[in-house]
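The first chain written gets the first letter, and so on, giving A, B, C, D, E and F; residue counts start at 1 in each chain.
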Amino acid sequence: MFRHNNRAASQIRPVKITRRYTKYAEGAVLIECGDTKVICTASVADKVPPFLKGAGQGWLTAEYGMLPCSTNERMQREAAKGKQSGRTMEIQRLIGRALRSIINLEILGERTIQIDCDVIQADGGTRTASITGAFVALYDAVESLLAQRLIVSNPIRDHVAAISVGIHDGSPLIDLDYSEDSTCDTDMNVVMTGGLDLVEVQGTAEGAAFTRKELDAMLDLAQQGIMELISLQKKAFAADQ
Amino acid sequence: MFRHNNRAASQIRPVKITRRYTKYAEGAVLIECGDTKVICTASVADKVPPFLKGAGQGWLTAEYGMLPCSTNERMQREAAKGKQSGRTMEIQRLIGRALRSIINLEILGERTIQIDCDVIQADGGTRTASITGAFVALYDAVESLLAQRLIVSNPIRDHVAAISVGIHDGSPLIDLDYSEDSTCDTDMNVVMTGGLDLVEVQGTAEGAAFTRKELDAMLDLAQQGIMELISLQKKAFAADQ
Amino acid sequence: MFRHNNRAASQIRPVKITRRYTKYAEGAVLIECGDTKVICTASVADKVPPFLKGAGQGWLTAEYGMLPCSTNERMQREAAKGKQSGRTMEIQRLIGRALRSIINLEILGERTIQIDCDVIQADGGTRTASITGAFVALYDAVESLLAQRLIVSNPIRDHVAAISVGIHDGSPLIDLDYSEDSTCDTDMNVVMTGGLDLVEVQGTAEGAAFTRKELDAMLDLAQQGIMELISLQKKAFAADQ
Amino acid sequence: MFRHNNRAASQIRPVKITRRYTKYAEGAVLIECGDTKVICTASVADKVPPFLKGAGQGWLTAEYGMLPCSTNERMQREAAKGKQSGRTMEIQRLIGRALRSIINLEILGERTIQIDCDVIQADGGTRTASITGAFVALYDAVESLLAQRLIVSNPIRDHVAAISVGIHDGSPLIDLDYSEDSTCDTDMNVVMTGGLDLVEVQGTAEGAAFTRKELDAMLDLAQQGIMELISLQKKAFAADQ
Amino acid sequence: MFRHNNRAASQIRPVKITRRYTKYAEGAVLIECGDTKVICTASVADKVPPFLKGAGQGWLTAEYGMLPCSTNERMQREAAKGKQSGRTMEIQRLIGRALRSIINLEILGERTIQIDCDVIQADGGTRTASITGAFVALYDAVESLLAQRLIVSNPIRDHVAAISVGIHDGSPLIDLDYSEDSTCDTDMNVVMTGGLDLVEVQGTAEGAAFTRKELDAMLDLAQQGIMELISLQKKAFAADQ
Amino acid sequence: MFRHNNRAASQIRPVKITRRYTKYAEGAVLIECGDTKVICTASVADKVPPFLKGAGQGWLTAEYGMLPCSTNERMQREAAKGKQSGRTMEIQRLIGRALRSIINLEILGERTIQIDCDVIQADGGTRTASITGAFVALYDAVESLLAQRLIVSNPIRDHVAAISVGIHDGSPLIDLDYSEDSTCDTDMNVVMTGGLDLVEVQGTAEGAAFTRKELDAMLDLAQQGIMELISLQKKAFAADQ
């Protein structure tokens, strides 16, 4: 298979991370992974959801949306339809779990960090780009809390990033774009920490089922891609100092 | 860790499959996995969703629900709340994908098989019990189509079943009940075919992230459990002849 | 008219009451009236609705639902549709009123008893079966409150049960199944106490209007059926001691 | 009990029926029963609901609403809340059934008569006033179809009217106003035809249950009141000629 | 253009204002402008919305609705549809702003005045009739607060009234009825105070855009009409003394 | 009053128009007016709404949304809330009317142009920026139809652009940013064509009502600003050739 721009099977798309992309949220990042572009913001509110009232800890939650024209065929606006699709809910739950896995909510105190990931252009991998970008927004929001001395130590325990992998004609492929995604038999999203431990593994056979060996090949590829993404997150933080 | 009823770490809960549990749907199964009880039905409609009109193939879709009193604390009724939760949508999408992976929709013809999984008592593993039970309901619905000569060959390609696995204190554990689920660091749902290929792998770190080695141990355990479940599905079919 | 199983015009269908059918709710009953099967639960919450805050009394409310495959033709799931039908609301309001008529809400204290009636198989008379079964679930929930000494005296004043009656070809018929219901000109649901007083009378001419004489004949038949149902409720309580 | 304006126990409130109250609907009636005022319209559409397509008959359906300020305490607007209450649904289903009982839908042809009952001022008995008034609107809509020769014979088989009755301190009382309604132990709505057959009997014990003897006394009173209402409907038709 | 009843281009339709049209709300007015008829009520609640808690001031808000049969073609009931249309929301926001512009919310104290405008018959200009009529209802509600000595001075600073104007064949026309509205290129709603200052100007080119000169001609006409309406409001107040 | 960046009362904020901002929609524009940033897309669908079926003309409709973090305080996501606010509906109706005023829908043929305006950063004037930007997106979508020879002549009759004006301390001010907006007594949005005719005038007194003289001063200022915006639209088109 020839990939767009002669990309190798193990090569992720060019990534661009723009911090402070908008001016209000404490963290506001535009992440571009090839033609997939997502605005990820992290904003802080001085309250927690009812089930945590008085528990002496904070919370982090995420929402996800796509602009109607972010896709090839215009999608119906969820606000107009009056409800979020199952896919949207599934993705925003995934983003929330991924980021909660690397933050110490006790140190955060009785606050909620709200992550918003809004896709302005979609070309495959929007949920993984959202996680990778939202981590940077979270980092900036935490920096802002530290700078204001609202928290005294950093609640972030590790980096977190995500990538998609798939099986095409029996071989593993990383960071699928939209056209590749539809030709793959299996599609897997992997979320890992900076310590290279697994946070989420979500593999789905869209056509033929997959073998343990294929699963292993996909996980190897994913690990390599996530290492690159984490080094790009670090570069984005360094650029700023 | 001592498990309820001295269950071993690798031992699944007792399973009971009752076919023809209710009288209307073409397939209607009560599956009991320990204290988890789910009514799984498969009903056939002579139409396909709009996106498949004229495509010469069928469709299979699934819905999932819980009776308000199926859980320890009564849950709000989704019909009264006016919407399905993200968790519900995620589960019913999973059930649908799992069953579509083993059915040939061309052979099915322009029909829709509607799977309904309704939990009457929940004690962990409701989504995996739903998949394992829904396969039996699907089998019965297909038998009914064959008996009426509405289809000429069997569109089911293979068995499919599902089980949960977790990591507790660093060791893998199969088929978590509700109390175990809340003490595990990692929770993984695995869906496999009769040929022991993977259809879905959904692993989530609830506390600490998990290693590749732990992932492997969980998958080994899951495979063993799914082999047992598939032999129980076979036994249920045989019992009837 | 020949009734299914040679049932006499004044004969109710076989009734089976299974207490403790599920394990979480304080009262949990499966009631089977012929092929109509309803799970009725009564669960207790330590709060009252806003309009009763501080009024020193309790509340009882009911919800009703049907599994999508409980009927001959699969019905759309109300949770997926996003709203309950008018029929559902009417029935759950009726169940709530019927049970409130025999309970002393002052003795109950500031608690709410939530009744849930979920039909797993429908063959006519689901609302009356729900009332008859829910009374047993309520009884068990109250026993549990008494056993825990949360209340000191029994707030239940009397039994309550319900039955449907109709006019077919000018003659009264009791406990209509689905096929009979559609051929009757008049359909009436009657709710009575153990003291044989009326709690609800809901008669509807579906075809020709009915006379006072026909109303009287239906009420006579209903009273006889309800006496039987109440003796079956008593037998269910006795069986357990 | 002294009733407002020294009304006797068996005396209905003054009724005023204004035909052609608004100008668009084929039938448009303001009915005033004491201080209860309802606008009842009947409008004709040249289509039937999907379940009657091609069945060669018509349909009649009803909707009911209350202006937010029609009650003593302003009620929340159902359009703003985004759903109709259970009470609203129950009432509009009752109105529809009552009027369908006296119309021959085959003669109506493939048309739908839409009844709308909108309460502008509520002082008890809004559902029964709606039925009595909607009959007059229906009559006018049918007259309009006849005048345009869209139908050749009159599909209305008989008059229909409705009244509420109750038990207060053991004695029956007719046509309860709002303050009386809240002091009655039993509240019953009765719908009868011009031939004095019963169309609906809906009796509810709000406090103590009621006896067969009380039921009979209420039905006697209701019959007398409905006879008066039907003669007032006839007077309204005559006035116009 | 010949207007209905030979009305001149600058002549408003006959206006009739009926105070105390219904008995519960503190202010309850029926306003008739030609064939447009709107019930406008103002009711007082002893609370303010959350964003004003403790702010030492009151609030005024408005809702608007149309009876399904108020229009030529029956409209779908918004309560049944489950949401208010964009048009409804736009109009009720306009009514609220118009009335808030002439009331001193500090003097009102921690209360909310709820305006409800319900159209019973629509023939163009329902939003402007609503504003003109709602002012009278507001006046009556304020009189009631003063009479009960709940407020010590009158918070109403000035009259407010509204009228529509349009451009037909290049000439301005006032107070468009429904048939005129659809033939006008421009439609403008103007809200003015008794001091003849502007509160709202909402002009919309439905066909050709309009010139500044046409805008001026429309505003001149509107001012004249609003002066008449305000004198009719005054007459309505005087009639009562 | 000193404006941010020493802007003069009659000076609009710096405007930047980026065409082809995203890759799927036929027209896709990022418009920046000071710190207000809106993505405006125009996409073409080969169908018309039901009310135009067979009418031989096209349609144009618009939707508007704000990213949750586009504002100073994070707003609730409308898709999550399950409905669009009255403000959102009002704005999207305004955008649709404004663009329909300058397009010949007959020439467009049986197609719908869907405008989407999504605010990524809001600092006042989002609705006017949306109109000015959406015109550019519409132009590009029409160019694409012409290039594909799907239409043979250009249906766009004229430019259209919009600006806000206000009265601050008695003097007119153009293109209010968020902080200015809240201190102005009057806020007016003006939409004009390239021929300097008026399409919409929406003036609202937020505090004191405004005089005809103030209205005139605002309209003069608006006209000047719109002339500038239209010349910037032209520059954007020219830049591309």
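What we mean here is this: a contact is a pair of C-beta atoms (placed from the backbone, for glycine too) under 8 Å apart; a residue touches a chain by one contact, two chains touch by 3 or more.
The structure presented is a predicted model; accordingly, all values stated were derived computationally and were not measured.
**Q** Name, by label, each chain that touches both members of the pair chain B and chain C.
**A** Common contact partners of chain B and chain C, which must touch each of the two, are absent.
**Q** Quick one: how many steps at least from chain A to chain D, stepping chain to touching chain?
**A** 3
**Q** Between the options A-B, E-F or A-F, which interface matches B-C on more than half of its contact pairs by residue number?
**A** The pair repeating the interface of B-C is A-F.
**Q** With a Cα-based fit, what is the angle in degrees between chain B and its identical partner chain F, given to the nearest 5?
**A** 120
**Q** Approximately how many whole Å separate the CA-defined centres of chain C and chain F?
**A** Distance between chain centres, rounded to whole Å: 59 Å.
**Q** Could you please state the distance in Å, as a whole number, between where the Cα atoms of chain B are centred and where those of chain D are centred?
**A** Distance between chain centres, rounded to whole Å: 51 Å.
**Q** Specify, in ascending order, the residues of chain E that touch 2 or more different other chains.
**A** 82-83
**Q** Which part of chain D faces chain C closely enough to touch in the complex?
**A** 83, 85-87, 89-90, 92-93, 97, 101, 188, 192-193, 195, 197-205, 208-212, 215, 219
**Q** Per the contact definition, I'd like the list of chain F residues that touch chain A in the complex.
**A** The touching residues are 22-25, 28, 35, 37, 39, 41, 43, 45, 63, 65, 67-72, 74, 77-84, 88, 114, 116, 118, 120-121.
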